[in-house]
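Heads up, there are several structures right after this.
After this come two complexes, each holding subunit A, first together with subunit B and then together with subunit C.
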Partner chain A sequence: MQPDIFQLRQRQSALFFVLLSGLTYGAILLTNYDVVQGLTAIPRAFVWATANFIPDDEAWQRLPRILDKLRETVLMAISSATVASALGLAVALLGATTTRPHPWFSPPARAIASVFRNIDVSAWALILLFSFGQSAITGYFALFFVTFGFIVRVMIETIDEIGTESVEALRATGAGYLAIITQSVIPACLPQLISWVLYMIETNIRSATLVGILTGTGIGFSFDLYYKSLNYSSASLVVLVIVVAVLLIEALSNAIRRAVL
Partner chain B sequence: MTLPEPARRIRVRPLTRANLSIQATLIGLTLLTVYSFTTFDSRNIELEQAVRDMFDNFRLLLLEPRLKNVSVLEMLHQLFVTAGLGLLTTIFGAIIAFFLGLLAAQNLAPRWLTDVIRGGTAFIRAVPTVLWVLFFAVSVGLGSVAAIIGMTFHSAGYLIKAYSESFEEIEPGVLEALRASGANWWQTIFQAVVPASASALLSWTFVRFEINFSTAIAMGATAGAGGIGFDMFMASGFYLDLRELGAFTYAILAFAIALEWGATRLKANLGPQRH
Partner chain C sequence: MALLQVEALTKRYGGETLALDNITFDVEPGEFVGIIGPSGAGKSTLLRCVNRLVDISSGDVRFDGVSVPTLRGAALRRQRTRIGMIFQHYNLVNRLSVIENVLHGRLGYKGTIQGILGLYTEEEKRDAARIIESLGLSEQMYKRCDQLSGGQKQRVGIARALVQQPKMLLCDEPIASLDPNAAKIIMDTLSDINRTTGITILVNLHQVDVALRYARRIIGINRGRLVYDGEPERLSNEQIYQIYGSEAGDLILDLRERYAA
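Entry: the complex of A and B
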C-alpha cells in the first residue's frame, strides 16, 4: 500500500518543528537569554527613546563634526571595496575554471578566498590592531580582507557562469591569453562586478561603523564616544546620520545597478 | 576585385547607456579611492614597518596558535554560545519575517500595507546591528538580552525583504486558481505560497544564519554579548596574546567554513535557486 502522502508530509513538518523547538530551547539555555525580559525590553526601549534618544540643539551643533567623521567612514568603505575588488578580480581570473592558467591555480585561490571571507570583519580588526594600532589603517585592511574574499568567490562563480564560448571563439582566432581576458572575459563580467562592488560598499559602511567602535576611528568612534559619555541625544543624531547615508547610498547604487545590468 | 577599405575603425563597444554608466561608475570609484588615500588619517604610522609587522603577526597567529587563559572545553563552550546567539536570532527573525513578509508581498497584501512595511524595514536595515544592540542595551544593560533583541531586529528586517521577494515570485495563476475556488487568505498561504517558496525561504534563512554567526562574534567583541567574540576581544585588547587569538580564529574559521559548506549542500539539494 502506498503511504498517505499528506500524513507523511504532516509527520515530516511535525518532526521539523519539534527539532527546531529543541534547538531554540537549547540555545536559550546556552546563551542565558531571559525571554520575559527580552519581550518587555522592546516597548521599554522605545518609550525611553521617545524621551531621550532624540537630537537636541546641542547635538545639532555637533553635526559638522559628525558629518566629517561620516565622510571618513564612507570614503574608507568605498576605497577598501574598490581596491579589494580589483585585486579580487585578478585572483578570480586565476582561479576560475575557464580562465585559469593552470588547473593547479584553482584550489589555492578558492582556499585563500574562503579564509579571508570566513574570518569575520570584527575578528580581522582585532587581529590587525596588533600591527596598526588604533588607526584608520586597521579598519581599512579589515574591510579590505573580507571584501577581497567575498569578491574572489562571487567572481569565480560569475566567470564560470559566463561560459566558454566567447573564450573559445577568441582562442580560435589566435588571440593570446591577455587579449582573451581583456576583450572577452572582463567586459562580460564587468556589470556583475560593479553590482557586487556596490553591494560590498553598502555592507562595508555598516561594518565600518562596527570596526570604528573597535579601532576608535570614523563614525563608529563618534557614536561610541557619545554613547559612553551618556550623551544619548548626540548619539541619536549619529544614528540618524548613518541611516540617511546608508539609504542614500542604497538608492544611488540601485540606480547604477538598473543602468548597468 | 578589392574590398573597399573601411573608412574608420569599427566601434567594437557601442556607446550604449549601460556601457557609459559602467565607465562613469568605474571612473567615479577610482577618483573617490584616490581622494580617500589623500585624506587618510593614518596617525603617523610607519606603513612599511607596520605591514612587515602584519606578516610577522600573521605567522604567529596562524602557525603558533595555543590557548592560555581558557581551556579547550571552555573555548568550545563559548563557540557554541556564539552559535546559539546566531541561531536564536535567526529563528526569532524568521518567525517575525514570515508573517510580515506575507504582508510585504505585493501579490498578497494591499499596496499601502506593503509600502509601510517596506519603508519600515529599510530603516531597520539601515541601522547597523551593533547600534541596535547598544540601543537596547540602554534599557536592559549589556548582555545577551540586548544582543538578541538587537540582532533579531536586523535579521527580521533582512528576512522580510528576502521572504517577500520570494513570495512575489510565485506564479500569479496559482493564487488566482485558489482564490477562484473559494479558498480564504490563510488557505492560499498554506496551500500555495508556503509550498512553492519553502526552499527559497530555507535557503535565505540559512544565509542569514551565516551572517548572524559572524555578527554574534562582533557583538561579543563590541557589545558584551559574551561568546567567543568576547574572548577574542580580551586576547586582543587585554592580554595582547596573538597566539591565543590565533586559536580562537581557527575555531571561528572552522565553524564558518562548516556553515558555508552546509549552505552549499542545502542549495544543491533544493535544486536551482536564485543566487
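Entry: the complex of A and C
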C-alpha cells in the first residue's frame, strides 16, 4: 500500500523541529548563555550605538585623512579587479571548450579557477601575510587571486554559452586562432565580461575594507585604529564613508551596465 | 576533373558510433547537390568532413586536387578559405554590424596581426558592400545583426561566405529555422549564385520537396550510408522509404501526392 505522503511530510517536519530545539537547548547549556539577559541587552545596545555612532567635530576634522585612505582602498580594489580580470580572461580562453587550443588545457584551467575562487579572500590575506607581511601588496594579491578565480570560472561558462556558433563559422572561413578570439569571441562576450568586472570591483571594495584590517592598510586599518583606541565617533565616520562609497560605486556600475547591455 | 572527390569516407565518434560509413561520390564544378536524410543520418558530419571542422577517421576527401584528411595549420586554413559555409543558426556575432560580420569572411586571407586587429583593405570593404547590396541588405549594412529577421541573418551568412570568393558553398540546413517565405528567398538566392557565378553548392536539407525542386542532383543518406545518388526525377518511392524509413516515408509521399494533385 502507498504510504500517506502528507502524514510522512508532517512527521518529517515535527522531527526536524524537535531536533532543532534540542540542539539549541544543548548549545545554551554548553555556553552558559543567559537567554533573558541576552534579549534585554538588545535595546541597551541600540541606545549605546546611537549615542556613539554620530560623528563629533573631532571626527569630522579627520575626514580628509579618512577620504585619503578610502581613495587608496578603492584604487586597490579597482586595479586588482581589472588586472586579475585580464589575466582571468586569458586563462578562461585556454580553458573553455570552444576556444581551448587542446582538450588537455581545460582540466587545469578549471582546477586553478576553483582553487583561487574557493579559498576566501580573508584566508588568502592570512596566507599571504607570511610572504609579504603587513603591506598593501598582501591585500592586493588577496583580492587579485579571488577575482582571478572568479573571472576564469564565469568567463569559461560565458564563452561556451555565447561563442560556440560564431567560432565554428570563423574556423570555417580559415581564420587563425587569435583572429577568431579578437574578432568573434571577445566582441560576443564583452557585455558579460564588463558586467562581471564591475561586479568584482564592487565586491573587492567591500572585501578590501576587511582585508585592510588584517594587513594594516587602507580604510580598514583606519577603522581598526580608531576603534581600538576607543575613538568610536571617528570609527563610525569611517563606517559611514564606506557605506556611502559602496552605494555610489554600485549606482555608477549599474549605470555603466545599463549603457553597455 | 571533379572538384570534390569523396572516397570511402568513414567517420567514427569516440571509436564506437559510426556517423559516416564508407561514403563515395564525386562532385563536378558548378553542380547544385541536395543532400537529404533523416535527422542524425550524418548529413552535417559529411559537410564538416569536407572542410575538416571534424576530423576524418578513414578514407579520403580531395577538394580541387588537394587531399583534405592530413591538412594542418596554414595549409588547412588556405583550403578553408576556398570553401564557404552557411549554417542553420546563421552563426553570426549578433552584437556586431552586418558589414563587420560579412568582413569576417576575409579573415582567412589575413596575416596574424591584421587578423587580430581586424584590418581590412578598402577593396575588401567595397567588395563586401557590393555583395551586401546584391543580396538586398544595403539598408541593414550598419545595423547590428540582433536587429535582423531570420531571413536577413541568413543572407548575412551567405554574404560572409561569398566574400571568401569560394569555389564551393557548404550549406548546413540553411532554411530549417526560417518561415516558408524567407526559406524561398534563401533557396532562390543560392540557386541564383549557382547559376550566375558557377559556384558549386552542396546543401543539406530535410525538406524533400525543397531538395527535389532546387537541386539538380540528390544524395540520400541514412544512418551514415549513402543510399541514393542521382537525378531528382529518378528518385522513386521505394528509395524515399529507404532514406527515411517506412513511417516518415509515408508522410513525405502523402504530401507529395497532395501537392501534385
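One rule holds in what follows: the second predicted complex is superposed on the first by the 218 of 261 C-alpha atoms of A that agree within 3 Å, B and C clash if a C-alpha of one lies under 4 Å from a C-alpha of the other, contacts with A are read in each partner's own complex, and residues count from 1 in each chain.
Throughout what follows, a contact is a pair of C-beta atoms (placed from the backbone, for glycine too) under 8 Å apart; a residue touches a chain by one contact, two chains touch by 3 or more.
Fair warning: this is a prediction, and the values are worked out from it, not measured in the lab.
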When both partners are placed on the shared chain, which of subunit B and subunit C touches more of subunit A: B
Should A:L20 be classified as contacting the first partner (subunit B), the second (subunit C), both, or neither? first
Tell me the contact category for A:T182 with respect to subunit B and subunit C: first, second, both or neither. second
Counting only touches as set out at the top, which of subunit B and subunit C does A:L190 meet: first, second, both, neither? both
Counting only touches as set out at the top, which of subunit B and subunit C does A:V243 meet: first, second, both, neither? first
Examine A:R171 and indicate which partner it touches, taking first as subunit B and second as subunit C; both and neither are also allowed. second
Take the contacts of subunit A with subunit B and those with subunit C, and give the residues found in both. 187, 190-191
Which stretch or stretches of subunit A touch subunit B in the complex? 20, 23-24, 26-28, 30-34, 37-38, 41-42, 44-45, 48-49, 53, 72, 75-76, 78-79, 82-83, 114-115, 118-123, 126-137, 140-141, 157, 187, 190-191, 194, 197, 206-207, 209-210, 213-214, 217, 220, 223, 227, 232, 239, 242-243, 246-247, 250, 256, 259-261
Residues on subunit C engaged by subunit A in the complex (per definition of touch): 51, 53, 76-81, 83-85, 87, 89-96, 104-110, 112, 115-118, 157, 160-161, 164, 170
Can you tell me which positions in subunit A touch subunit C when the two form their complex? 165-166, 168-176, 178-180, 182-184, 187-188, 190-191
For the complex, give me every residue of subunit B touching subunit A. 13, 17-18, 21-22, 25-26, 29-30, 32-33, 35-37, 39-43, 45, 47, 50-51, 53-54, 57-58, 61, 80-81, 83-85, 87-88, 91, 122-123, 125-131, 134-136, 138-140, 143-146, 148-149, 214-215, 217-218, 221-222, 226-227, 229, 232-233, 235-237, 240, 242, 245, 248-249, 252-253, 256-257, 260, 275
